[in-house]
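Here subunit A shows up in two complexes: once beside subunit B, once beside subunit C.
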Partner chain A sequence: MTIWKTPLGRRAVLKGSTAALATLAAPSILRGAEPAPIKVGVLQPITGALAMDGEFGRTGAEFAIADVNAAGGIKSLGGAKLEMVFGDARSNPEAGTQEVERMQSEGVVAVVGGFASGICLAASQTAARYDLPYIVDVGVSDQIVQRGLKNTFRFGPGFGTCARTAFDNLARINEAAGKPAKTVVLVHEDGLFGSGLAKVMQQELPKLGFEILDTIAVPTPSRDLSNVVLRLRSLNPDLVIPSTYYGETVLLARTMQQQRVRPKGVYGVLNGAASNTRFVKEFPEAADKIMDCNHWYDPRKAAAQALIKAAAAAGKGWNYNLPLNYSCVGLLADALNRAGSTDRAKVNEALAASTWADHVMPYGPTKFVDGQNQGAAPVSLQVQEGAIRVIYPEAFSDAKPIFPARA
Partner chain B sequence: MMRTYLPILAIVGLIAAIPFAVTSNTALNFVVFVLIIALGAQGWNLLGGVGGQFSFGHAAFFGTGAYVSAILQVRYGLNAWIAMAAGILLGAAVAWGIGFLSFRAGLRGSYFALVTLAFAEVLRILANAVPITGGAAGLLLKLDIGVLNLQFASRAAFLWLALGCVAAGLVLCRWIMDSRFGAQLVAVRENEDAARALGVDVLAVKLKAITVSGALTAAAGCLYLQYFLYLDANIAYGVWISIEVLLAAMVGGRGLVLGPLVGAFTLHGLGDLTKQFAGGIPGIDLAAYGTVLILVVAFAPGGVLGLLTRLWTRRAAAQPAGGRA
Partner chain C sequence: MYSLPIVLEATLNGLLTGAIYALVALGLTLVYGVLHIINFAHGAFLTAAMFAVWMAVTFLGVDPYVAIPFLTIVFFAIGYGAQRFVIGPASHGDDGNILLVTLGLSIVIENILLAVFRADTRTITTDYAFEVVEIGPLLISQARLYGFLAAVVVSGLLWGLLTRTDTGKAIRAVAKEKLGASLVGIDVRHIYAVTFGLGCATLAVAACLLMPIFYVNPRVGQAFVLVAFTIVVLGGMGSIPGALAGGLFIGVVESLTGLFFGDSLGQIGIFIIFILVLLLRPSGLFGARA
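Coming up: the complex of A and B.
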């Protein structure tokens, strides 16, 4: 603070600023032969209902940009550095569209992110008007890749793949344990992902030998789930399947803990909390043994472990948005490198032809068909002793499932 | 007679010139969104501002317009222009239905506000559940640029379309307010019992107002759909749009023809300007939006236009006296 006590003289200020201006005005060659940075649009909802997810996504993209730059930038473009142009999608499609327009006017080479399906649908469509490459991070709605847009690529799995994988994994886990679970109650949020999943589950679960006792819809946000838990107590299902966002899942798990409702297992599908370290850290007892089928990183990859350490060192939490966005930016960097140009058509082509394997997700090399990464799939996770472990498929797992959770 | 339309002509002309002065699509996109809100707010203003019937559920009309237009296009392959006309008609019909049920029951003031809110919520939950609206997955209009599809390659073209609708709404509102029906509507707002005693058919007047109001807001819904090409229950019937149209009319000057347009530009314009200058802080524009709202409610109950008129008359009154105002 003492610096400001000595007033700067007028001459000193003039001298200083003239020097600074001269440096800035000098052609880039004189400042070192650094090529102009490549602007990357990062779109995430960081205000409104989805703010928490958006923050995780932004952190992931930030880490990726820092890592790409630290490794020497985009080599084929003379080591050009990536520069983030951030846009707050404010948890609604209009704001997403508005931000894409702004990014376009600032000259970004591509847009990464979106998170919610509604934002991704609107934002990618706006980007399509300019042939601007758009990489979807999470948005699971299958409509996203069914519109025939040439600029839209989804690195993660869509809704259909997630649902199918979740049920297959559940059936296998149940079979391996000697089929202890026969009855199920579905608790789902009433928006796109919850009701969509409930519909698929009502068709698919009976085929796998489960009997659905009830399907309970809960609104987002919910302030009290006592009635839902009382219903669970009276139905006494072997398995509870919650497809809800963070707040509602935490509330459900804690209310179940308080009312001592203990089914043989809780198996979330794309659940908002069961694979979020915050939930596990804040409510370890309520979270214990909860299973979830969700996006997750590949725990065997060194890059993934390094990313976890970096996030922990920066004091950031961890959930799937972070490694997904980290990988999406990496995917773009790889495409830029191969395209050797920031020309949009060439970047789109490079993305479509991508066979990139250096990401931190358990997907294998990327392969896009109609904008969807074919290898993308979720994994089954379980909270065990305060940590989130991969329990299925075995190829990626770092723990065995504990099922039934309570004998 | 023509003189009352001059301000409308001036302001519409000014907005129509924006695409010639500004080429940035970010700015044009912003103006289009504000125009859509302004159109919806005009609907609210006719019923709430002129007629004094405060609705908290204009989402019911906005959403019906948007959904009808989307369903006709997506499920039945109808032409976008015809679908839009159908959306407006059905929005008006829903408004008439809601009006008939609540006005006939004699609901006024906060009771009317609550019942409209309830209607909009019921529609939202229905739209989220039934298959024809695509349920929670929503409806997606295919990006297929062409005048016949009501989709334009340039943002400017859409701006003019939206402006055309807003202008039509302004002229309609002006005409209504100068007509016998407008006078009856104001009479109902000021004192319903006195109006009835003077022989005004209160129910008929209110029904007429809510029907036209519904049509205007439904048109805003149709424009929203054609612009963003995506709808789900929370967008179409969400509380956000009910509040958005209500606030625009209140901030601009409730009961005044140009109020909604001025209000929408003031609220969103200041929010957006703050974002331009302090973009680094997330949600700063929302804070600015809130501040404008508090200031208007506290210091300008007649809205921005009301405040301007007050200042103007004070100055005009001070001038002949030779004061230093």
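Coming up: the complex of A and C.
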């Protein structure tokens, strides 16, 4: 864990003085004795269809907890260490709910994670019954922050923001290339995430000058997408927009390769595979030139680079779940530190007032309005020569878009 | 709506998948035809076989097609043992009991698999999984084509076994008249177990053919067994040509419903047919007339 020294050192310096003060101010009973660890609930689906995403999320949370503890724990609480209480959401909302109930009975101070929108919705609702702070990592459904729950905070961007950014970026990439793409086919998973996104796209894409030829729903998990690819071949669109999870995206890309369906571009929106290093590594040909508008870390931040190295050193893969969950736990640690208490109402208050900038995402300091972090936004990525590059916005980009992918 | 090659290719895809469905249905219909029981553990045995293939590929590096003869023997033995030592003795001569025993067996097998392998969905990767054979404008997946050919060959072998060998004659004799068969010196319990073993062996073949194009998790068998029941009902209970024809037909129906109504609704067509057959022709296409 020596790699962690750089970002930790910086954080330790920042908070060192606060820590000293806190230790002095703490009642004598706390001084000297190691304070009781603070239990943090981490909810991720690590079995079932979403298992791989959940693993990335759990790894991110684990790294963050180790990081916070190595930097001296929660200073205002006498350097109390964070302790993970893990719950497997088993890729379905019911299991997510059960695990939140269990975490609640084990006395966690907050719950972080959820991954899928359906799980996040159900789990945060359950947490709300106990006024238990819930930090959503990925779940993008706008409903999550529209229920007026005082305990639910989403660090990452919501669906509306993602969709808007994705379409704007797409329109600009297309314009810059001389508008080669006019027709589009949407392929979406038939759950909350994919169907919701498809609905927004059907409204928004025509306004940007794209003609939607068809909208195809696929179940998760899908065993065979030959029929979908046959339809694509028959429709021959310029662009294919897949909003699917990992397995289906890989299957779609490989079946398209098999059936020689080669549109001018494949542009995922919050896609489960196009910005996953595993896909790029295992199927470089199928993944080549695929674009995706998704959560991504800020490559300019030293802490992000350190996290990538740590993940590689630990033999873990990399996708956005990892830095996102890493940051969500950091957000909680910051709130705990400012609250100076594990009282749920105070932690909720501290989260709501958060202006935290020490995360690894390209967001700027946090600012929550009705539970939604206002600065959160996705970026556009493209697989180029076996690496995932940021192609838009230019402020964060480390490569130029290759579009159209095929003449 | 779709051009001819597209519909043709979807139909062909359906035929190829249907052949593997037929193979799953074959074991079910054989066991029904001889033992006169509906084997609820069929799906669980298929799941177990698919996990066996997954393990052979993942841990031993064996190609799924190479694993066919080996797993066929193993699953024949498992099926033989299950009938001879568990299902047969537990039934005490009552068919109603057998139904419950196989149901119980399926729950036990599924939960053992769940405990050992967890609920994760697993797949295997082969070099040829996405290779194609070009026939004019059609691009046919190699793995499916192999599956189709193997399914046809296995059906043929099974048909040959039942019609041309002494064991086959004994199986048919037991199916027709149990008491008579035992009076002419056929060991009925042995034949029961052989039949059940054959049913399981076809599942092992089906599992080897399925894994290159499918995934496995502890509940995967149930999806197939529902389709297999539909095929058995459609083809006629106990009929081997019926299972083959029914499987191909159901495969095409599923593929075309998927093409025209979307994959989320792909299975609707199958179950509409199931209900229609039960309503209009309960003996099935090739079933003996009542």
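The working rule: the second predicted complex is superposed on the first by the 375 of 407 C-alpha atoms of A that agree within 3 Å, B and C clash if a C-alpha of one lies under 4 Å from a C-alpha of the other, contacts with A are read in each partner's own complex, and residues count from 1 in each chain.
Here is the rule we go by: a contact is a pair of C-beta atoms (placed from the backbone, for glycine too) under 8 Å apart; a residue touches a chain by one contact, two chains touch by 3 or more.
Since the model is a prediction, treat every value here as computed from it, not as a measurement.
Look at A:Asp190: by the touch rule set out above, it reaches both subunit B and subunit C. Using the contact criterion defined above for the overlaid structures, shared-chain residue A:Val85 touches neither subunit B nor subunit C, since it reaches no partner. When the two complexes are overlaid on their common chain A, residue A:Ser226 makes contact with subunit C while staying clear of subunit B. Of the two partner chains, subunit C is the only one touched by A:Gly247; subunit B is not. Of the two partner chains placed by superposition, A:Leu208 touches none, neither subunit B nor subunit C.
Contacts of A:Thr47 after superposition on the shared chain: both subunit B and subunit C are touched. Of the two partner chains placed by the overlay, only subunit C lies in contact with A:Arg260; subunit B stays clear of it.
On subunit A, the surface patch touched by subunit B in one complex and by subunit C in the other comprises residues 47, 90, 190. Remark: subunit B residues 24-26, 29-30, 33, 125, 128-129, 135-138, 140, 142-143, 153, 228-230, 232, 234-235, 240, 282-283, 286 touch subunit A in the complex.
Only residues 2-3, 6, 9-10, 13, 17, 118-121, 123, 125, 130-132, 139, 141, 213-215, 255, 258-259, 262-264, 266 of subunit C touch subunit A when the two sit together in their complex.
The residues of subunit A lying in touch with subunit C in their complex are 47-49, 51, 90-91, 190, 216-219, 221-228, 230-231, 233-234, 247, 254-255, 257-260, 282. Across the complex, subunit A meets subunit B through its residues 46-47, 88, 90, 92-94, 97-98, 101-102, 104-105, 117-118, 121-122, 125, 128-129, 141, 143, 147, 149, 190-196, 199.
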